[in-house]
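Taking it in order: structure first as structure tokens, then the write-up.
Residue numbering begins at 1 within each chain, and the chains themselves are lettered A, B, C, D, E and F in the order written.
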Amino acid sequence: MPEIIVYAAEGRSAEQKKSLMKDLTDAMVKNFGVPAEVVTVQIVEAPKANKAKGGIPFSER
Amino acid sequence: MPEIIVYAAEGRSAEQKKSLMKDLTDAMVKNFGVPAEVVTVQIVEAPKANKAKGGIPFSER
Amino acid sequence: MPEIIVYAAEGRSAEQKKSLMKDLTDAMVKNFGVPAEVVTVQIVEAPKANKAKGGIPFSER
Amino acid sequence: MPEIIVYAAEGRSAEQKKSLMKDLTDAMVKNFGVPAEVVTVQIVEAPKANKAKGGIPFSER
Amino acid sequence: MPEIIVYAAEGRSAEQKKSLMKDLTDAMVKNFGVPAEVVTVQIVEAPKANKAKGGIPFSER
Amino acid sequence: MPEIIVYAAEGRSAEQKKSLMKDLTDAMVKNFGVPAEVVTVQIVEAPKANKAKGGIPFSER
């Protein structure tokens, strides 16, 4: 612990996701004073038809 | 904010999911008095083998 | 199933939350064709210091 | 209710997941005194590139 | 990893929650073949007015 | 979107949480190329009796 869950629409590269998870982990280490090894991050990606903002699916925005 | 996450087994059409996300957003606008544009909805779908009720996977119910 | 989780900052009345949960449930019944009794909703409220938009806590927005 | 969400990297068999969901449900019934039929479990699996520990994706660990 | 999140209404004792978290962890170890030390469990409790089944808050059921 | 949920045991100061949410937001902006204003972060804190690692509550670790 702590655990970080990111909810996002699909469409980012593996490189973007890897770098994001590294930076989120670093932010946790810096601010909460925990060792990196106890921090887990999971990105929960949704097809654009499964995510909406303002009631409109990202597949149509 | 607010954010709505829906956990469901796979098997609904894009049309059903679009209409659901619209209605959930409208419910948030109506009851919490927020503009639609700040409401996000994500449907986290699971294969039926990854979801259970009463200890029995939906793939066998 | 399905399960709906709502993440929101504190500050709504019990009446607002009750009405929201009723409307979210109705939206699920209407669109996914499930009986109301299998739909659960949980509102996860955060103190305003625990939730941020644009990197700024709601306690300061 | 209650609802159990499990966040895990991909790579387990359907048999492992079925047995896990059964055991998690039994644990809920035993400790919280609820009937099994009201317990739902959903396993949210991530591709190994979408999950990290210590800032390193499971695809590289 | 893996991480287990339990969504439940308030009202269980510390002893019930401790025993539940132990049993959920054991289920993960047994079925997924991971060491106990990498398993985290968090119980997200809601006041009964913040959780509903069938559209009715647990505070009124 | 995207939305970030952090699951953590209680015990951090408002200052630590504010700084964490700022840094998590910055990480999202940098890596996913989204404006800060669409990023929400919520920290879901648990009493130490409601969170366990290795099956042992943080209240006893």
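Basically, contacts are C-beta pairs under 8 Å (C-beta built on N, C-alpha and C of every residue); 3 or more make two chains touch, one makes a residue touch a chain.
The shown structure was predicted, so the numbers you read here are calculated from the model rather than taken from an experiment.
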How short can a path of touching chains from chain B to chain F be, counted in steps? 1
Please state whether the interface between chain A and chain D is built from the same residues or different ones, using more than half shared residue numbers as the mark of same. different
With contacts counted as defined, which of the two, C-E or D-E, has more C-beta pairs across the interface? D-E
Averaging C-alpha coordinates per chain, one finds the centres of chain C and chain F separated by a number of Å equal to 19
Roughly how many whole angstrom separate the Cα centroids of chain B and chain C? 12
Two or more partner chains touched - positions in chain A: 1, 3, 5, 7, 17, 26, 40, 42, 44, 51, 53
A full list of chain pairs that touch reads A-B, A-D, A-E, A-F, B-C, B-D, B-F, C-D, C-E, C-F, D-E, E-F
For chain F, which residues are in contact with chain E within the complex? 7, 44, 46, 49-57, 59-60
Over in the complex, which chain B residues touch chain A? Could you list them? 3, 5, 14, 17-18, 21-22, 25-26, 36-37, 39-45
List of chain F residues in touch with chain B within their complex: 1, 3, 40, 42
Mind listing the chain D positions that touch chain E in their complex? 1-9, 12, 16-17, 19-20, 23-24, 26-28, 30-32, 51, 53, 58
